[in-house]
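Everything on this sheet refers to the single structure shown next.
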């Protein structure tokens, strides 16, 4: 039952006000500038260009390329994160031996600053000084181009993303698993449902709401991937591993081409909103069914 | 001495120890001397530019002293205070290498910043490999001339090719090839020799008369070809090298020669950081015997090898934003920081990142023998001195909208290095984009800025 | 063959011992009803049989197998949980059919079985609802449905009818009995409803604080409770107790209660009680045995405190001396609180227990 | 024992999987740990693995870091600790409150009211800044208040157009996370400086930074906590409602304890986000409230990667988080709802 | 003054109408018991009174106040939930005392009240346990405890004793009645236990599919059910029904059942039934009225299918003609399945209903 009680305002307004206060100006500001040609350096007077920036971007192959790369990285890495994270969370929840240690150990990557992660990754992937090269050489694959060839570089970036963010999935799914009632598992155990059947018919459907949320958040955050790419490949070779945010970063913080960056941000917002809405719409029937 | 009791300066630069520690050490001395206070705020190198730009343009009084890369100066000039006249005289002033004093610190005739670090590319090589008799013999046999520090870029590549022996864990050379990893300065070093015609000063990047991009002329193409060739003679995955890896590769004994800033020499000579300490030779950058003349569109031949020094990066600058309310104290602090004594000490203190920029720095051998062997010190200082005092000096590019220009360059460079486009195609694209950018920013304004950055009088 | 045997089984939760060593053996096809006060360990016992709790010590066997450490799924028990344990995300039909689906039964078979269960349980109209949209009793029926679509070795029912109305409860009771007869499955059934216990059980096991007080067929339990606890526990309203002393008088043995009332014992009983003369004894008499035609029976004086009309007859609740006493009187009798009435005691139906051990004597 | 505990072969399989994952997780961290004790030469000289066996450990990197030679270490450390703890606590609290409201109460408003808000805020700002000549700060404040008032008042009337409900509000919250941070961070910096010019310093202040972090964590907290709250049995709350327990006490006394695993997990996530946040920290702070990620990123200097100091800084940065994770993960226990309802 | 009035209250969940317009008024201090088949809307009614469901239409009043849209907390009801709804993170003592703590009662007062409730509910030993470590019946008692420590305007009990053993149930019943007497609080009590309903209620409301079939005191309900539904629902085992036709014969009116058995009506009844001659009528007789001494009473032939020994007497379950029939016989009677026995019908205790409307006639 949802109820009506004036106190609901007391509950929601703090969050609403804070988010509104913080977000409204950036929104208004960037929406305004997205219709202007505006550079901070070299300082140039702002000029209204209408949809010029948008048209520019949409006809810029780099934009489409970057959007494609980002989508690839986001979907692949989030997919892997979810699969691995769910498996690990299940294992932890079923109390594998040493669960206490795993619990803390598995969380660690998430606690390291992304910049540091990328820097460390670069060291480990270093073709001459890194341990991975030595390891691969032992198998007869010396000096693999981990960061200098497009497909390898994308792979490396995805692996690093998975390393860093799977803990997020583990943590949230573990919390979700812990709120599931025990008694239904007892009922299923009596039916001699195999672990797989229990997973398929009970755990997964009951975990679906939180899974949806976790994957959604990870997707959004993955679309904003920047530090990892910036540090690991700098977007190279060429622009082949450049992501949307890195592109925005170059335009915004190196060239201070604010009008263009704002338009880019809005396209990005629209892009993700569409993806998000599609994602939620696709999942909706399942969520309803298992409610 | 002036008394600045109660004054607290905020100075910002990149995260230490490089440069930041120089500021900090000087801060201590200055605080004792003047009773003021200096707070050094450090930001990551890649974030320093946006941080300074935003605080300058928003008009916030956040910093009193900024230490920054000279290439950014054009974007800052509107917001910087002029150096007080009394600092621009006397022996300490004259002691600053002219290239800094007369060119890099000056903007439209005004001195807006003070160099606090000297930077130029030089050449480093492995004495032990070069003076090994077997190597010398084999080299002579193969190339028909004696093995010695490269005098020309052709020799540079020959040597690299000769020493490129992956089987022995040895490669020819190391340069930065990574996007976002100082790559284009290495390209500029290759190009500078072929394009800096003594008759056409300041014509390396743009035609200083029309502001047309020169970046795709045959001199550039040749430079880029050689740069790409060098990447093939470098350790595997050198395409992901930034300058840090270059140093590491050299200090790790992986390469026979390399080019780059003075750090290579200092790091490689330090037994704590290097496997090749005591075997580090230094020399000026290789030269050329023909230079492209963009005016005549001809290659001009020279009898002698022309040594062109490229002021890559150009050394850190210290300046005072005009929004600062403590300008007097700020300039006083900068003066102290860059005074011959304090700076000389900084130049030989490991980790300050300060390279010689005063004439006195390069003449005081005694100071340097602390970290170098005699021969190393002599060669190192000689190379440094030659670099800042060379007859034919190529200045680095400094333009408003700097990052817009370099981004285009970086992207095309990466493509060319990866073999996706030919050097000519890459540079043609760059030229086209540069011209577009120039038009967008205003050709006249850019032209004026370019001329002034190259030390040319305004038209 | 699926008898169930618990041998010296104990169960503790941390430091709380819930079941002290317990021996219970249930024959193949037997229908055993477990009764006992709330918290005495009935659910725990069922759960140990099902394998949902591991016994702290002892052995559990189903058929010939030692199942003490076997997974629940392999014990082939089917259980109605006291708290239902429905799958909240499945509809009623899915809940009931899930076990079959797990075992790979064909879709049409599942549908048939589910429809049959729904018919038995009156759930036909709710098959597509989720449990959250059902009433308490409906949920309970779904829980029953889930258990009865299977053909397990052992049925375990934990108060399966507690939330159903009387009519439905009787129907269900009959259905469960029919099911038991049809499938010939061993069944353990926990209930608080004495009628249920009496009518369904082959044998009733009375538990108290984890121990078995008596295990016998319903009639025996009613007519010959082994001790005070069972006597008091079985039968509603509960048996009345009067403390007193066994005396030898002129007319043979008699029971002397406080207030100087003496109840002469019939000859048969007197013989068996001879050994306990002079001991403190408790006399027990069920309320329904106080209504007999009162020709010459000894009487006690009941000070009525409360009246409970039950339809066919009325309960008069009050005190005899200082002990609580409930008498069953004819509905027609016009009595009201604070009356003092004479209640006849049918000495043929009286039970005697030793006061200090509670053990029944005289049988 | 619980039936959810894996048994038999599955258990060992799971253990094997976990160990593999643990190795994958920990190796880089181990690498970081040993690298922080290596000399530069040991780092560039190719991979070595065991201290004292492969290489001679040194404390140089740690000395440099702790002595402040590589950035004002203690200052940033303390600032990070204060800001992230308070921001995470606040965000979790406020966000959980909002999530609860969105799960248990009905909100309805017209799309038109929301449009009013955007239009008035937007138009008012432009009007104030460009036509009336107010400063950015003033016009922002005025237009914000006017827009909010108008939106609230207009929602009292029966406006035409589609009606929006709880799900739309939730989506609006998350959409705040979708906007790329680049321009937002810069714009926020501008806004803060404008407010600063009005005499209320936000840049490089505790309030400014914490406030921003709370705002940017809220969407995630709300989105996640909503699902945890939805999983709670409502009957328990109803029992309290019948008892006339005020809603806020129901929330704090009953709902929060019942959703402890979710709360803790969300708090951990928020904390980790804030602790590692870089962009806002970069723009909104300069000297006093600079945070650790800036210091860590700074170790990647212009002169190349100084891995030994990067490693030391990264390690220091995760130690407090490790402690938190250790403490908190102990509190995450299942079976909290056991026995609540039949 | 806290009478409760439901006026034309309806409740639908989506498209499912659970309560069609319902009128119910409960006097101040009255103890009303709500009975009805599973799923008939009892819980829903209680929840609407408590304010946990909003009525889809209609008005609800408590005392003089219109509380239809009032928040639950402001209605000052106290409720025992059918599914307990305990606070899982609080101990038993905290669960019981939480309401008081919220109202700012002093710590010592809380402790006193909790101790008193624990005494009443036999929970003393469990005060520091969490609900998860309790048995089903113990949890239920905690739920009761939480409700009874308050002094609300209205008590709402939703099957509060369903999971308790008979003995405890009787104790609790008494305690709740005492409490009701002491606090003089209006109470609405849902139960499936007929004994509970009969003994506790001032008035029993029989519900069916959301409608009220009859609301009357227990004796009336038992002796004069208003219709077939109530007749069948009240009383366990349930009333027997024989369909037939009312005829005027030589000896006055008589009821003719299939198989050509005629039951002559006593004069009094005959007078009242005159209007229904020739109509299809259902005769109802309770099992307990088939045991009377059989001097000259009309008899039906019961083909016994099943025997249920209940202790004091035995139920013979079988068929009369094609209708199910349960007779109560003396425990001593030796009958077995497949016997055909004569069952006497005490015509003074017989009920008549119109077949097509179900309405009782002849009273």
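A, B, C, D and E are the chain letters, set down in written order, and residue numbers restart from 1 in every chain.
One rule holds for everything that comes next: a contact is a pair of C-beta atoms (placed from the backbone, for glycine too) under 8 Å apart; a residue touches a chain by one contact, two chains touch by 3 or more.
What you see is a predicted model, and the numbers here were worked out from it, not measured in a lab.
*Asks:* State which chains count as neighbours of chain A and simultaneously of chain E.
*Replies:* Joint contacts, listed by label: C, D.
*Asks:* What's the fewest number of moves from chain C to chain D, given that each move must go to a chain touching the current one?
*Replies:* Graph distance in the chain contact network comes out at 1.
*Asks:* Please state which pair of chains has more C-beta contact pairs than any other pair.
*Replies:* That would be the chain pair A-D.
*Asks:* Taking the mean of the C-alpha atoms as each chain's centre, how many Å separate chain B from chain D?
*Replies:* Computed from C-alpha means, the inter-chain centre distance equals 40 Å.
*Asks:* So the centre of each chain is just the mean of its C-alpha atoms; given that, what is the distance between chain A and chain D in Å?
*Replies:* Taking the average C-alpha coordinate of chain A and of chain D, the gap between them is 14 Å.
*Asks:* Quick check: how many Å separate the C-alpha centres of chain D and chain E?
*Replies:* 56
*Asks:* What whole-number Å value describes the gap between the mean CA coordinates of chain C and chain E?
*Replies:* Going by mean C-alpha positions, chain C sits 22 Å from chain E.
*Asks:* Spell out, as numbers or ranges, the residues of chain B touching 2 or more other chains.
*Replies:* 46-47, 50, 54, 245, 248-249, 252
*Asks:* Where in chain D do residues touch two or more other chains at once?
*Replies:* 3, 43-46, 186, 190, 238, 246, 297, 299-300, 305, 335-338, 341-342
*Asks:* In chain A, which residues are in touch with two or more of the other chains?
*Replies:* 1, 3, 5, 128-129, 181, 186, 188-189, 253
*Asks:* Please name which positions on chain E make contact with chain C in the complex.
*Replies:* Touch residues, chain E against chain C: 13, 16, 35-39, 42-44, 82-83, 133-138, 140-141, 158-159, 162-170, 192-195, 198-199, 218-219, 222-223, 232-233, 235-238, 286, 288-289, 308-312.
*Asks:* Using the touch rule from the top, collect the residues of chain A that touch chain B in their complex.
*Replies:* The contact residues of chain A facing chain B are 39-44, 126-129, 142-143, 145-148, 230, 233-239, 250, 253-257.
*Asks:* State the interface residues of chain A toward chain D in the complex, per the touch definition above.
*Replies:* Going through chain A, the ones touching chain D are 1-5, 7-8, 10-12, 14-16, 18-33, 84, 87-88, 90-98, 100, 102-117, 119-124, 128-131, 133-134, 163, 167-168, 171-172, 174-182, 185-186, 188-189, 195, 209-210, 212-214, 216-217, 220-221, 223-224, 227, 231, 244-245, 248-249, 252-253, 258, 261-262, 264-265, 268-269, 272-273, 276, 280.
*Asks:* Where on chain C does chain D make contact in their complex?
*Replies:* Touching chain D from chain C are residues 52-54, 71-72, 82-84, 136.
*Asks:* Looking at the complex, which residues from chain A come into contact with chain C?
*Replies:* Contact set of chain A toward chain C: 181, 183-184, 186-194, 197, 201-202, 205-206, 290-291.
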